[in-house]
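Going in written order, the chains are labelled A, B, C and D, and every chain counts its residues from 1.
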Amino acid sequence: MEMAAIAIGESEWEVAVPDKPLKDKLYFENLKSVVIDTNLCSRCLTCAAICPGGITVVENKVDFPDYEDKCLDCGACVRVCPRFVYEPKSGLGSYIDFIAGRSKRFAGQDGAMVTELIVSAIEMGMIDRGLFAGRDEKWATEMFHVREPEQLAITTLGGTKYTFADVLPELKKAVMFTKRGVGVVGTPCIVSGIRKLQQEFPLFRERVKLVVGLFCTENFHYGDISKFLQEKGVDFDKLIKTDITKGKFIATMTDGEVKFKVKEVEEIVASGCNVCTDFTALKSDASVGSVGSAAGFSTMIVREENAKEIIGYIKEKGYADFDEATPEELDYLINLKKGREKNIKK
Amino acid sequence: MEEGEKNRNIRILHSGVFTPLRRWGTKWSLWPCHFVTSCCGVELAHAFACGFDGERLGTLNMGIARQANFIIVEGTITRKMAPALRIVWEQMPDPKFVNVIGACGQRGGIFWNSYNIVHPSDVVPVDFFIPGCPITPEGLLRGVRAVQEKIEGRDRTTIEFKHVDLPSVEKEEHRVPTTPKIFAPTPAIRVDVPREVDWDFGKEVVNNLKAQLGGLYNSIAITDKNRIAIKTTPENLMEVARKLSDSMGIDHVKNVNVIDVAHERKFIVEYMVSGYSKELMPVIITIFTEIGRETEAEAEPGFPSLTPLWESANYSEREMHDFFGVSFEGNKGMNEKFLLAPDTPEYPLRKDFKVEEELYVLEEGVPLAPTIKPPEELTMPVSEETLDEAEKNDEMVACIGPHHPGSGHLRWIMRLKGDVIVEVNPDPGYVHRSMEKLAENRLYIQNVPLFERANISDPINMNLGYVRAIENALGVEVPERAKYLRTIMAELSRIGAFFYDAGIFSLFTGHSTGFMYVWAIREMILEAIVRMTGSRCTPSFIIPGGIRRDISDDVLELTRNFTFAIDTRLRKFEDIFVTNPVFIARTKGVGVLTREDAIRCGIVGPFLRASGVEYDIRKAEPYEVYDQLDWEATTGDAGDCLGRFLGRLEEIKQSVGIVRQAVDAVKGMPRGNVISEEILGEYKEVSDDIRGYFFRVYGNLVLPKGEWTSITEASRGTLLYSIISDGESNVPYRVRVVTPCWMNLRGIIEASKGERVADFWTVYGSFGYFPPEADR
Amino acid sequence: MKKVAVPEYRVGEKVKLHARAIGTAMVESVYPKTVTTQYPRERKKMPDNFRGYILFEVDKCISCFQCAFVCPANAVRAKEAPNGRYYPTIDYAKCIFCHFCIDSCSGGALKTTKIHDVAYKDMDEMLTLTEEMIEPPEIIREDKKSVEYLIDEKDLHLKRVREVDTLFVAVTPPVEIPMVSQCIDRANCIGCRVCEEVCESGAISSSAENGVLKMKIDTDKCTGCGLCVKECSMQILRLVRK
Amino acid sequence: MIDINSIISEMTTEGSQVIIPLIQQMLGLLPDIPMIKLMVSFILWKPIFAALICPGFSTLGILLLFFPWIERKLCARIQWRVGPREVVRWLGGIIQLLADTLKFIFQEVIIHKDAHKFYFLQFPLLTFIPALLPILFVNIASADAEYPLVAIQSPYAIQIMLALICLFPVFILGMGWASNSRYAFIGTVREAFMYFAYEVPFIIAVLAMIILFGTSGSVAITEWQSTWWRWGIICNPFAALAFFIGSAMATSRLPFEIPEADQEVAFGPFVEYSGIGFGLVYIVCYEKMYVLSALMTMLFLGGGNGPYIAPLGDLSGAVWFLLKTIIVMTTLAILRPIYPRYRLDQGLGMGWSAILFLALIALVLSIIMRSVGMVL
């Protein structure tokens, strides 16, 4: 586990402490009043990842039980929170390449190409583990560290999830375990959290080697969506996959389907998503989504060199088919999300 | 226990006219009910054998509950044993007393968070608790004295602590540290991580296998020297096994293992097989396959059994069925529990069954050990099939054990036709303390004492096997001096274990003198071990990379003297027992296992050698310094009880020679450096005595990813440890241990078929069966 | 491979063997090789490294928790003393006498005794608090003699001495390897001061001024217990040699 | 109506009082109260003395109290240990059995629900009868003594003793049956088999001696063996050996401890007995040993014959007799630490081959000795 050679350390050092808007309060109270209580929070859990105390999720909300007692008041949470000082961004962002791809090795919707990217990165030796979100029997997300392609035999890793995953706390663990580097997949909010972490802490700069973003319009809290789906008549024991196509939410079960309009679920969209303007994960190394390419293909916005390398590797090995993608098809959703800027209360 | 029940005996003793006589009589005539429930029984035997002779105190060990008035509960009470304990207690006449010896019987000792134990104090009222693991004979006799004093009216704890106030200067609040255990999230579990080794024969075998198996396998890899792993599918498994059996002469299964990879929704099922032909002897071929963890409609995940091909897989498959709920189709024992009690939690070795976590801080109101509800039903049922079968054929069913002077701690269900045994069905698991589960939740180093407790009559070999698996994984080379010292200790342990078995064997044939004579020899061995390590039965002295501390020259001298002194007493033992015509009449030609039967049943060690198979791991795959010393492995061809016994006796004589040579060699070596510097890292100063830096050096031991299998020749045969590591946790993902006694169980059943009832104990004794080792 | 054959005996030999067995018994009934230690009256001498009950010295304890961490039976748990530091307690109802705790105690605060024969009438009494581990306890002893095993090349002999064996041994302290905690990666410090809170020797201090948190490890006070290294969530501390 | 006067006159006739010079003086010191005098002479009346004091009840009681201790001590000594020691340490633990007995007496007696209650309780007590009665026919006086010291004089003493001894197993079978337990059942069957195994050679061996002696009265037998070279063991060692092995089988001593084999059938017929019930069966084993040893002493070791010890008077023979009996008992006891246990079929086989063969040789030898007049 030793990354660096044993160095003779130092016995005195300094840490810069961030500013507090509310001077006489704890940092967590600051975070709470600025981000959480104003419904700005995207539930990316970057704070929970870095917090040495106990920031966690309580009833769909980021919270810190007993913070009066347990908060160490170090300020790490406000340092890493991507929305403490929120600069909403939108658009397509800068990119090197804009292509569509279809994995030959993995099956599935958008997931397949993401998996392909991460697995290829592992094979190349760029990273030694990738972080995926899987799901348990009750369709709650659970994080999965993939170290070897064999581990991906599990079907539940593929398929889109419409609930939040605790990516960042797991990323922290993965960073502590990794020897070579970590690759991670996440929604735009998670990507921005990772970037913020990297900005603050060199450890993450060194060890998070690949960040794959996903196109994202909105996300749901597990508690909300599961209740909603059950009301609609979905039985989790029989559920096979969920899908959103053509404005319809389709839950396929072993004994039939449940369909309803996406509009219906808008009531329960997480509050943080209402202020999110980023559709294409602008800060990622590569963004992947289904919009903008032919059926079966995934659109990939390659933004950084490392992602390009991987694409090159995939092409070389012939792991995937590649095709043209049309950036224009994304405009509708990009604009839709851009429109949410108005929800941000200044 | 209710307060009233606890003091009932004293009330009884103090009532009536003849109270003084009554108290005096009871005091000096405490007859302990011979109720060996676990490994503390070894020390109990020492307390009542010639070394300490408990009979001096008027305590005559009595086999039967009705005639005894004192139970010494020896160690762990498992869920299966608890009803037996209660029944035995209820069968005893009043006034009766109960002492619990050993930490396992108090708050569980090292098994405190096991799923299969109960606290005896919840089952019966206990008078005295004697700490230790195991207790010393002195401790046991102190307990007897305490009961005697209690009868006289002085009920007291025999230790008095002095209370010293701690410094109480200004108080500072401190944060409590978190657990030192690191569990890797969703680890990658692989049993076939290839390793570069210099092993030409292996490459040849792999090429042959590839050619023969054609499309039947998914991958073949050399995972270590003498280890090959073949991955296949459940459908092809039987075919692969058949091919291996036919073309390579693979004839026995060493291990059946299931690994629950819960986060990947699968089980890995593996069979470790090998053959007894000359070149295959040290080789272990692992055939493994993966099956889905979830099935439709409550059914257990199914899997074709290899028992029809290799009978030696039978009991291990049934065990795995108990542990994981994996159904081996084709094995007949799949519809009932084998090792586990009826009320043991279902499928305890699955990863979603969690055990209690350690607490590192003592707080008011937090219990010191989990509360465990003892089983309520006081029944020990016999399966309907056995009863029906017996009734149909006009046979008698007799259950021997778990409380029986000649049963050990397991139950034998016998079907008898007159005086002849038709069949014996074992009912093991009365000492199943879930070591494999506990090992998954403890640091690698904490498992050293855990596995040692599988068999405290042969502790050092148990210890050595586990440590060798770790060293093998880490690729650590042990210092020469430590290797010799380890060999000396392992051989002492082997001698001790043999004499344990010889003692039990002589008791089973009704010869108590034989028992006493060998126990005197054991007393010498334990003296040597206690001087080396500080503990009589559970040294935990061998640690990865060496031994805990160097051994002084005068102890070595004592050990060397012992190798000569043993002769005097061994000769007496031979004169009175081994060559006793009655003993020979009882054992000769009884319980014969032919070479084929022995291999088929998968028996191991000296018992296999007695049937003519020349397989001794110390020769086949030499470890420590066995290849540098001059000794011979023994073999025989009679395959009967006498042959098994004499073969082991000869082996002991060889062991004595090994010890003598090793001591001579060690004496010429410079002192110090008994722990490998590779392991010590920056703490190189402590290479002669780990004291002070044990946790720093070993606390964070992490093994490389893969499966690490070690085989060693323990006293009773092949001891196999298989550690599956994920390469990130400092806790093993799974440890599988196959003890020789577990494999030999099948042999006992086979050998006693068709013999007379009385011969069952001869067969049983000749196999040196030690239930805690078998049940783990 | 040495082959061991099962012997065949004729009638004459059998008679001889009967005679030998009977003869052995007769000889032993006249000159027995008795090896019995008559325990409550006599006591077997145990070697100085014997693993028995454990004593504790407060002054030497650095509250490193290693005894609690290493205990395979979870018998050792630390308890908060009136001065706020944590000292070990031992639950003898779980202790397996492996003495991993003693071998882990770098300060030499834990040490062994030769006490091993104790009977408790109640399980609750088996928890030995720190306060009770400091002074040597008293046990009920009835022994007047001590017995030592002597093994020479001929046989085992019991040497009886009319003296009461002391159960407490003088222990040499373990090798001292002075270690000290140091920061090796200041850039990743999040300034949470967990190290300061967990440090029981008060070696780590912090002061905040002008938006800068100054962390300081007092290398003289630092006992090298390693708790801060273990607890640091960013793993920026390491034990190094003084 | 008992005629007391005639009994008194019977009591005081020549030779009907036990005369022990050592205590005769003390008797003279007794206060001159007729009742006490009468009682003393009643006790010293030979038939009563034999029945109550020696070799009868008191001797038996004392022996039963100490012999198990002797056995355990001896066994312990051979096994390199100490044996019962701590109870009243200055006596060396000699009253260990007293403690055991007291415990047994005051212990709970459990009759389990499947047992036949009536017989279960009855049989341990009943076993005492065949075990006690044979003692009445034992003559412990030496041949030199003018008058025998025996409770009942009968020309068929040996036959009666034999008949009573052969009743032992019946009660043991009864106990096993009443216990209604599997182990007891197996043990009982084993007892029955062993009974078949030893009974025939045992009786033949005794028959051989009766033929040799030409009489079966206990007094005549003692007289016949008046010099040491006429002792039964020297005249007919085969019979002695057959008888000895037979007794070992009859008393379930190792290597023939087959019915009780605790490692196999957990004390067989006695498995369910507890408290005083077990105390009785435990004691009965030793009683059987005593009776058989007494018979062996009488038949083979010259009974009470031995050098006359003047101060003991009539008791001189008794001392020799008891000494010999204890030696025989000790020999039986010492088998325990020497031998493992035979298997049932082996025990049965031995009984019907080797021992029967020995007994037949003994019989033939006796007949030859008798008929060719080798008898001296």
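Please note the rule applied: a contact is a pair of C-beta atoms (placed from the backbone, for glycine too) under 8 Å apart; a residue touches a chain by one contact, two chains touch by 3 or more.
These numbers were taken from a predicted model, which means no experiment stands behind them.
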{"item": "Chain whose averaged C-alpha position falls nearest the assembly-wide average", "value": "B"}
{"item": "Pair joined by the larger number of C-beta contacts - B-D, A-B", "value": "B-D"}
{"item": "Farthest chain relative to chain D (centres taken as mean CA coordinates)", "value": "A"}
{"item": "Distance from the mean Cα position of chain B to that of chain A, given in whole angstrom", "value": "49"}
{"item": "Between chain D and chain A, distance of the C-alpha-averaged centres to the nearest whole Å", "value": "95"}
{"item": "Distance from chain D to chain C - Cα centre to Cα centre, in angstrom", "value": "58"}
{"item": "Multi-chain contact residues (two or more partners), chain A", "value": "none"}
{"item": "In chain C, residues with contacts to at least two other chains", "value": "21, 25, 28, 33-36, 38, 40, 194, 197"}
{"item": "Residues of chain B touching at least two other chains", "value": "50, 53, 56-57, 513, 520, 576-577, 580"}
{"item": "Graph class of chain-chain contacts, one of line, ring, star, complete, other", "value": "other"}
{"item": "Chains that touch, pairwise", "value": "A-B, A-C, B-C, B-D, C-D"}
{"item": "Complex interface listing, chain A residues touching chain C", "value": "4, 6-19, 50, 52-53, 72, 74-76, 79, 176, 201-203"}
{"item": "Interfacial residue positions of chain A with respect to chain B in the complex", "value": "1, 134, 142-148, 150-151, 153-154, 156, 170, 173-174, 177"}
{"item": "Contact footprint of chain D on chain B as seen in their complex", "value": "16, 18, 21-22, 24-29, 49-50, 53, 55-58, 60, 63-64, 66-67, 69, 91-95, 396, 398, 404-406, 419, 506-514, 516-517, 520, 576-577, 580, 582-583, 585-586, 756-759, 761"}
{"item": "Residue ranges of chain C touching chain A (in the complex, touch as defined)", "value": "180, 182-194, 197, 208, 211-219, 233-235, 237-238, 240"}
{"item": "Complex contact set, residues of chain C against chain D", "value": "21-22, 25, 28-29, 32-36, 38, 40"}
